[in-house]
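In structure tokens below, several structures.
First chain A sits with chain B, and in the next complex the same chain sits with chain C.
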Partner chain A sequence: MIRIRARLLVSAAAVALVVSACTAGAGLQPSSSSGGQSTESTPSATGGSTGTETSGTSGPSGSEPAPSDGTLTLGLVLEPVSLDFTTQSGAAIPQVLLDNVYETLVNQAQDGTIVPGLAEKWTVSPDGKTYDFTLRSGVTFSDGQPFTADDAVFSINYVKTKWTVNVAGAMKVVASATAVSPTELKVVLSHPDNLWLFKMTTRIGAMMSPKHVNALATEAVGTGPYVFSNWIHGDSITLTRNPHYWGSPALEKTIVFKYFKDPTAMNNALLTGQIQVITTVQIPQALKQFDDKSKYTIVDGTTNGKVMMTMNDGRAPLNDVRVRQAINYALDKEAILKGAWAGYGTVIGSHEVPTDPWYVDLANRYPHDVAKAKQLLAEAGQTHLTLTLALPPVPYAAAAAPIIVSQLAEAGITVKTTDVTFDNRLAKIFAKPYDYDLTIINHVEQYDVTTVFDGTPDYYTQYTNPEVARLEAEGLAGDNEPFIKDFQQVMRILADDAAAAWLWAFPNLMVADANVHGLPQNAIGESLNVFGLYTS
Partner chain B sequence: MTAFMTPPTTPPMPEPALLTNPRTQRRNPLLLVGGTIVALIVATALVSFFWTPFPTILTDTDHLASPPGAGGHLLGTDLYGRDILSWLMVGAQTTLYVGIVAVGIAAVIGTPLGILAGMVRPAWSEFLMRVTDIWLAFPALLMALIFATVFGASITSAMTAIGIASVPSFVRVVRSGTIVVMNADYVLAARVAGRRGPAIAMRHVLPNIAGLVIVQCSVSYAVAILAEAALSYLGLAGGPTTPSWGLMLFQGQAVISGHPLLVIWPGVAIGLAVLGFNLFGDGLRDRYDPRLSGR
Partner chain C sequence: MWWQIVRRLLIFLISALVASIVVFVLLTLVGDPARTILGTEATPQGIAEMRHQMGLDRPVITQYLSWANGMLHGDFGTSFVTQLPIGPQIGERLLVTLWLVAGGMVVALVVALPLGTLAALWHRRVAGWILSGLSQLGIAVPAFLAGILLIAAFAVELGWLPSGGYVVPAADPIGFLKHMMLPWASLGLVQGAVLARYVRSAVLDEMEQDYLRTARAKGMTVWRAVIRHGMRNASIPVLTVLGVQMITVLVGAVVVEQVFVIPGIGSFLVDSVARQDRLAVQGIVVTIVVISLAVSFLVDTAYALIDPRLRRR
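Moving on to the complex of A and B:
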């Protein structure tokens, strides 16, 4: 019974993740840390590391301007349902609150390494299980209460006991968290986990005040450079500068996150000066109207988003690896990227983006080869294949679908598209009974291969391979070098098995008024960090 | 249903006449222009069943959003490299299909209801008409949204909704025509002779209001085409690979500043089709509507 329950929980969590992934998939994840993540670096802090600087945000080096009393309005797509990301999944809430209002013990720097946040430094025991953090002193919550190790212990335990969203599962590995002194925190893991410290840079690492967790849905009390000030439902969320911030004060006094359901409306808002930044370009083909460099800046960086055509690996005929490989051969991914996303982004061949530490270039694993596709289909006895492509209401899916349908038709595969506009239908795809053949999703979470392809059929990809499960578990618990090697192997196996048809790494495309500075080039974490933004 | 009480207050109306001077018929320019446009659309749709310059499914990624003529695409290509002329041609099928579904539903439900409302006792008639008024108060697009939620977004579900929403207008038009017919001497004679209601409806009422129904159909047709365009524009009709003029408009509007032709082509097609069906409807009305005879 317990086992069954646990399974249900996992699948429920899975839905939450993917539904969030696909809504957020509109490409909504510009983030705090900017700069490219080098391929040699690792998200792990195994072996211990210490830092001396806060991971600040991007901002121009050199002439950092003085704080101003101005207001900057950003255009976004997906509005949060509440302010409580402990019970509400999806990218919309941490996008606004993480790093801006709530801070974490550690941050992810521009090169992907882990750097100090609210923890000044930390050490990791040789067995990789015990983390000793030294917390910054003089930090206060925006209600004036001091932030201490007790609050950190509370926040960690709160994730384990009260959070209901699937991402909280990453905290299960914590066996105990203890406040040794007001500035000393000891965390013991039940087994070594190479991704735990990295996960502490995400929303689950948010440090909260025990006094305010009863009203998380409507107020946000953190230690960050901004405080939550106002929310006009259906329109905008406003943050204002935290005058008592422990670090250097935020540059822009007021930041407004303004939400637009229609991409054209957002474009017009920028053209008419209602907003200063389009944080995610929905129709790259429309970028032409912002070509004037004296007026607009176009940011073209990277995200962790992996746009893929998911195949239902657990259902005939897609449970036949030859059929999945045939589909991959039939697709001309360069042409898809060019036609669907105006060439912005990078073609990928496995569940990875070029900034992942284990990135292996597999983009050409299946070169465009219609004859080969037909041959594989013939071998599989599927010469008259008809499949349904379910399209969630996101621009990249609608843009990629016509080209995919056309290319698969050349290989003799008939694809019918169907719009899945509403949540109840989406839920049938991303939770049991996993009722779909093909769908197109941008998986936005960083390092999410262990969720999306965990080797067990408990997720909507239904990809089952014990070897992948073994390699992932071994990698997470092992030393750094074998960890990377194991994950590289996972990438290759997924590509060989054509577990999905990966299309392109989603770009971080933004347009801003030319006088807006400090926009992150690359989107790495979960937040849209506005700390470094200013206008000239 | 056995006794038919003619409302005593209804003033005598002119005989419903299908007869008009044949000379004015020939000179009816509205009918001619409208009929020509409608015939053109029907012909295009028929041809597209057998031949289009390119398959509508084909995305020519070497020619994305090309101007007319490039790569053999007579009217150019859309954002995804699909041939615009082929899409316009197959879109005509969709346009005719939506009209047939929506108008078909509206006519099949609305006509009998309207005849019934015109033939029953005044109290029942009033009741039926008030129900129709409530029905009319329900916005067609809202109905289409509900249908899309319940049955999934498809052209058929969208048009079913539009058809159901168009029923009241049929009921009203048909009822008024029925009342006129019911006051005619030959109907009175038929009743005196003991003809029962359904027989009178079939034998006398229906043939005499047929012109009215045809006119109403052509007007509703234009409404349905616009509704399909609106729903496709909202992403609530067919998917992104179902050729439809409304969808072309939707996909083009995002890049209207860079590629205005992507919006102009389907816009012109929709405009022409709506104009054609409206003119055709007006022409038919001039010819058949008894209330306009003598004009």
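Moving on to the complex of A and C:
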């Protein structure tokens, strides 16, 4: 298998980023080591890093590709239901529109560091509450109107007042946003929040035009390298190059996002040349048919997805830490990963992925030990334990469940599986009274530990631990270094408490025609960046 | 005959009304669209607000009446989920499926008529048994499996035809035909196999009739007699089956649509159910019901055209 190096995300636009980035971090809290080579030294979330050299956007060896009039068709799974991510949750809309059509003030590079976007530089006040952004001049929306600090203020306030999706809550921390001049934006937070700037790289940071927010569901007017062109419902969405883009033009003129419900149909489409990229491999076992390296490239990178068996920590018998630990000891996670996902991905032991700045390797916190599991169960008085495992209709759950059931049976735990639809999952598992024992889910949001395990019983995991709540709050408000230490501590506590049975970090598995270049190695943010894609 | 048509029309209207009520009531019983829209991190307040926006907090009868009133004026409403008008989407998707079904049924007829007739004429010969066996095999193969096999052979292995997708015929007629070949074949071969069984038994029935013996006694060959006189009579049961098949295929095309990635009405229904788009589901189901009723209405009327005996009543 060929691993596309991170630096293959080629974009002429990136050159502009690199150049401007050199001035970006001025006046910020101490950031990464010079050159920003390692991710551990800088939490990307604190922002202001100068580490764009590792942004994965440097050119390929050889000549720079020139913009072409070609069309590239990508195969995807989940079709958006509308173009409006202010009222519609889910990953499908930002996947297409964010960064490609809508741009953000700051972006996240492949290594997780924060780099300039529509803001060419920014400073943070020593108390961590005031952000002064300097916006690029000469940026226009695709309708020709200039993008100014007034639009940025509008966009930020619009998130606070009009967005109905829950992710908008991250903007509550903003006390005020003011346009000092057309290119100067001042944002004041009500309290320091180390994740706010990172959140501004996600959909809530999308810069919109006040003129077009009434038709967000059907139109998408942004400042990005592509413009929304056409949507054949049930089939495909087409983006075309924005001829007036402020940065270097996108390389491929037309990008088609084509949707497939059936993984075999998507594989066939690549085999017959109807699409050039499978953006999400749903059956890793089927990758064998793309073994021919002269024809196909397989990308095996990382995502922020944490595949886990969530346990209802608030309900007997799973409110007993010994029972949860026993379950973790009973699971052979390497075997699960091999059997369920053909070994692609990384075994994890807490609510983290290896690219998180606070990552601590806890994969071996509970080595596979059936005797130990039985002993813990005996101590807890649960020698004849029966649990139900709710399975949503997703491939990884279906693949992992039988292995989990048989492994837990060895430790004397009887697991009954039940199928649950997405709707029922929302109504019964994710809402009170949280009626489930075990379920399998891939939590895909980056840095979502503060949501999924916030230490209070207000989310479906029902994990309650005031110490975790305290560490998270303290970390978010504190300086950079204690922030990382606090979150590392949270990871350890979650693992010690066996708050869940984490299985594997979900891989970014893609297959492409060998002549397609510029695919992002890691699926870091919420978008599928297409402006660096080109064909040779 | 006119009374029959009026009676049929009445049945048609009452069925449509009952169907719309049943669909509406059933859908209000399942799930909460507001919750679906807001996703895994929804707050109770957010859900209540969304329910109000969507008008879900009104009495069910009020909801039904305002919806039914819109439908009567040709207004299917605007989806709360996609925020798109539903009527034009149904039209767009339905057209795709109608192309698929129409082509598939043509293939089915082209396969079934000669095959069934030959199987009947040769029913005492080995060739006839082989034809019967083939149609039996065709019945056993589901359309989606036929589709997968056809894709594997003609798209992936030989590379003659695309493995899926849809092209608007007006934009690219040749591309349209290329894309539809395999879906038509997989629908048509399977339905054709089923239909061939009916054609065979219908023709066999007619072959035993007195009028055919008379025709042969007057010097006609078996072939000529069957084609000239038998076919017309045999076509009545065949037409009935054809009507039922068309309705089945219209709804069942979703499976073939999935395999061939065709954005038809079936996929639209499945998507809308998945995203709890209640208005869209209601609109689609009522549309399909109306079409089904219309098809049976047409089939009944066609009997009268084919068989003069039915006209006189």
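Methods note: the second predicted complex is superposed on the first by the 471 of 536 C-alpha atoms of A that agree within 3 Å, B and C clash if a C-alpha of one lies under 4 Å from a C-alpha of the other, contacts with A are read in each partner's own complex, and residues count from 1 in each chain.
As a convention for this text, a residue touches a chain if its C-beta (ideal position, glycine included) is under 8 Å from a C-beta of that chain, and two chains touch if they have at least 3 such contacts.
Model, not experiment: these values are computed from the prediction.
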Joint occupancy of chain A by chain B and chain C, clash or fit: fit
Contacts of A:G90 with chain B and chain C, given as first, second, both or neither: second
Touching partner for A:K288 - first (chain B), second (chain C), both, neither: first
Which of chain B and chain C A:T264 touches, first, second, both or neither: both
Chain B versus chain C as contact partner of A:G345, first or second or both or neither: neither
First, second, both or neither for A:G301, with chain B first and chain C second: neither
Which of chain B and chain C A:V405 touches, first, second, both or neither: first
Shortest CA-CA distance in Å separating chain B from chain C in the superposed model: 7
Touching both chain B and chain C, residues of chain A: 264, 422, 425
Parts of chain C lying in touch with chain A, wherever the complex brings them together: 30-32, 35-44, 46, 49-50, 81-84, 89, 92-93, 148, 151-152, 155-156, 159, 162-166, 258-261, 263-264, 267-268, 270-271, 274-277
Complex contacts: residues of chain A adjacent to chain C: 79, 81-82, 84, 87-90, 164-167, 217-218, 232-235, 258, 260-262, 264-265, 268-269, 271-272, 274, 422-423, 425-427, 430-431, 451
Residue numbers on chain A that touch chain B, as the complex places them: 263-264, 283, 285-286, 288-289, 332, 335-336, 338-340, 391, 393, 398-399, 401-403, 405-407, 409, 417-419, 421-422, 425
In the complex, chain B residues that touch chain A: 55, 57-59, 61, 64-65, 79-82, 148-149, 152-154, 235-236, 239-242, 253-255, 257-258
